[in-house]
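Shared between the two complexes below is chain A, which has chain B as its partner in the first and chain C in the second.
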Partner chain A sequence: MVSFENVSKFILSDVSIHIPKGSAVGIIGASGAGKTTFMKLACGLLEPDGGNVYTMGKNPVINRSQLGRKMSCFFTGIPVLNEFRSVRDNFKDLQIVYQISDTEFEPIYSDLATRFGFDAYEYTPVKSLSLGQRRRAELGAVLLQRPELLLLDEPANGLDENAKTIFRDILQERVKEGMTLLITSHDMKDISQMCDRIMVLNQGKMLFYGNKNTLMRKYAPMDIMIIQYEGAIPDLEDLPLSRFSFDRDMLSIVYNSNYITSAEILDLLIKKISIREVNVKKPGLEEVILEMERMKGDI
Partner chain B sequence: MLKPYLAFAKKNFLNRSAYRFNHFIGIVNTLLRIFIFWCIYDALYGSRTEVDGITMAMVTTNFVLSIGMDAMFSIDDYYLSGRISNGSIANELLLPISFKGRMLFENLGNSMFQLVFHFVPALIVAALTVGFLPPVSLPMFLLFLISTILGYGVLWTISFAMQMFAFWLINVWSMVTIKNVFINVLSGSMIPLWFMPEWLKPVLDVLPFSSIYFTPVQIYLGQLTYGEIAYKCGIQGFWIVVIWLFGNLLWSRGKKKLVVQGG
Partner chain C sequence: MNDAIHMIGVYTKTIMKSWFQYKVDAVLRSLAVFLRESTGIIVVYFTLLKFDTLNGWNINEMLFLFSLLFVTYGILILFFTGLRDFSGTVRSGNFDRFILRPRGLLFQIIFVNADWFAAIGHGGLGILLFVLSAGKVGVVWTPANIIYYLFAIAGGVLIQGAIFLFLATLNIYLLETGSLKEVFYWNARKFAGYPISIFHKVIQAGMIYVVPFAFVNYFPAQFLLRKEDMAAYPEIYLYLTPVVGVGMYLLAYLFWRVSLKHYKSSGN
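== the complex of A and B ==
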């Protein structure tokens, strides 16, 4: 669906990637890592200085308008709606642009308006709306034409938790129906829940692109086991653990699941102490990124 | 293929009717301008029936039609610059519709509204008050209509080309002001080109400004032969093509600037 061949532009340097149709890719990285540049290259708003970009098999800069029939984009800071018009008027404009018939338009509009909740202020001029209200309407607008490819750059900014959940649900439905999704976000929960693939950018370089589970295993294989126990403190020095600590009757163990499994640790401990409760925590995407940041010198 | 553009023209036409007070004030403004011009020329003519062969009725007809056409054409000179300054141009470029086509047809929708609900009522009021000459003949009136459409084309392309500078300047207010001064003075709407110095007339004849209002008015008044009409309409067409090409060159460069520099 989207291919980059040795693409360089601004901070992005020599990025090559192939995003297959129907996948949901989360693009993560610190501010200034090149996420927005990547998205603008993918939709044809930027031309690469070096390399080639293909979106749906076409050069997006030359075929931008043609691709617009199958692709929708949202960039934070680029207004989607005319602020002097009402929300509904803006959607009616988009109905003309995408040549959607009235019979098709009304159910789609009504579904989006009800779910995002902008039906309550559909006749209010956009300039009178709060950031959150405006964002709900903007996200509804990019979903109106049921795009095959959806590019979202920091879409969740300004949304409350309820709206974020609705938004995630709608996106997940659309991805299940075959839509390809590229999304950048600082909210790891968004990325973690919606995307099956992750792309990590750091200062314009692609540190990782692939399956979410692979990323976890590669960069954050550390699990944390917290055990509530009774009995004498066991000797753990011989186990391949990263670290462990005691606090009264609580034992915390940090270990690399590539070297030792939780079952192996418990098997050993259960012979020596009486275990009352066990909790094993996997790191979240946020911890993975922090770990990558910490390790970037070694990568 | 034209369907979305015609839909935008229709939508703009209908949207205009929502702002009734603004529309009413617009008609008052046009009538005031006509009345002020009539007072000025009435004072200048005094008791004379004609100056250099130009009668007061001809002058009145010139400014009534010119001011009426100006109100009818109603071109939004800030269509592009507004979108560049708030950044929404990037979003517009991603839509599966020609930005320039939408720009033209939205304006046509406005102009059609202005024609029906502004130009015609203002003309009726002007006819009943200051008065103006009727067209010399039906063929000349039809040619006047054709030339008026071409005049609109010249004015729209001038505005289009000038707006393209917004890619570099962002704010085109000063350029719009300069353009309007040139149009007001050199198009014959404020000072009929009959009264311009003899040495200047041949220059003005070939400049695009006189093509906007003065050529249609001359045809309306029957001052041109069919051969001259063909020549003048040819000049109108020439300027539409040349300015359109120039505007498109700027448009391409402007878009290139956006995709290369990112803004």
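== the complex of A and C ==
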């Protein structure tokens, strides 16, 4: 769906990537890592200084308008709606722009309006809305035309938790229906829940691109298991643990799940001691990224 | 095509709705534009009362000359507000929004906005000046003259539209074009309020060949008034306004199309 061949532009340097149709890719990186540049290259707003970009098999710069029928974008700083018009009028404009029939438009509009909750203020001019209200309408607007490719650059800014959940649900539904999603977000929960593939950018270089589970396995720091127990502690020295410690009836074990699983640890312990409670803390995507950045010299 | 006409209809309806949402405000703002522009005319009027004529042009003929400027701007601004305000469209990011849509860019820029207050203020003043002067300048309004006048108006609108389009296109290369617009449109337009024959040759050449405002009002007015100072220019110029309008607009459009290939969005 989107291919980069040795693309360089601004901070981005020699990026090659292939994003297959129907995948959901989360693009992660610190501010200034090149995420927005990557997205703008993919939709044709920017032309690469070196290398080639293909979106749906075409050069997106030359075919911007043609791709616009199948692609929808959201960028912070590029207005989606005309702020002098009401939310509904804006959607009616988009209906004409994307040539959506009335019979098709009404059910999609009312579904988006109800779920995002902008039906409550659909006749209010956009300029009178709060940031959160406006963002709900904007995200509804980019989904209206049922794009085959959706590019979202920091879409969750300004959304409350409820709206984020609704947005994630809708995106997951659309991806299941075959839409390709590219999303940048500082909210790792968004990325983690919505995306099956992750691309990590660091100062314009691609540190990782691939399956989320591979990323977690490869770069995940240690898991932590906290056990409340009764009885004499068995010998743990032979286990491939990173470290362990005791505090009264609490045992804390730090381990790398690539070498030993929590089930294997528990299997051993349960034979020796009476376990009252177990708590396993898995590292989140955020910790993985931090770990990657720490390790980047070795990657 | 039907779809495009439908879109124009919807846009026009919604633009009018938004501009005239507050009726008193709309009337006052149109009136403000009308009064602001009238002040300039009143100053010229009282200045000219001190002289009998200006290079052979009496006060009514001068008002007739002015009326062409205002009528053409009144029509122009209904269609070209988007180009007049284009630098703001680029700065606000709206241009990127238009680029990513499956519609003609110029179509979107032109039809998403129209400054109705300027249209009413300028157009209203133009019509008033025409009504005040047309009967007193000795023009016989034969069908041929009326047709000429309508073609001259259309040509004058296209000439100014082409200047707007050219200046708008420069925004693709330059960060700020406000000063250029000030010099090449607004200042040139101030000169165009007077018969160009009163100016230095360099300014005359500029008004004919660089920013051809002379074809917006001076030559069309000369066709109808036949003043003596026309002897300094080739007679063919009297008939060229529509040709200059179409030619300039096509050139500006070509410049626009070529320049779009160089448009660069910002990184973030």
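Couple of notes before you dig in:
Keep in mind that, in the parts below, the second predicted complex is superposed on the first by the 292 of 299 C-alpha atoms of A that agree within 3 Å, B and C clash if a C-alpha of one lies under 4 Å from a C-alpha of the other, contacts with A are read in each partner's own complex, and residues count from 1 in each chain.
The working rule: a contact is a pair of C-beta atoms (placed from the backbone, for glycine too) under 8 Å apart; a residue touches a chain by one contact, two chains touch by 3 or more.
What you are looking at is a predicted structure, and each value in this text was computed from that prediction instead of being measured.
Superposition of the two structures on chain A shows chain C clashing with chain B. Contact with both chain B and chain C is seen for A:C73 once the two complexes are overlaid on the shared chain. Shared interface residues of chain A (contacting chain B in one complex, chain C in the other): 10, 37, 40, 43-47, 64-66, 68-69, 71, 73, 75, 77-80, 82, 92-93, 96-99. Of all the residues in chain B, the ones that touch chain A in their complex are 3-4, 7-8, 11, 86-88, 90-91, 93-98, 258-260, 262.
Note for the complex: chain A touches chain B at residues 10, 37, 40, 43-47, 61, 64-69, 71, 73, 75, 77-80, 82-83, 92-93, 96-99. Against chain C, the residues of chain A that register as touching in their complex are 10-11, 36-37, 40, 43-47, 64-66, 68-69, 71, 73, 75-80, 82, 84-85, 89, 92-93, 96-99. Remark: chain C residues 3, 6-7, 10-11, 14, 18, 92-94, 96-97, 99-105, 112, 264-265, 267-268 touch chain A in the complex.
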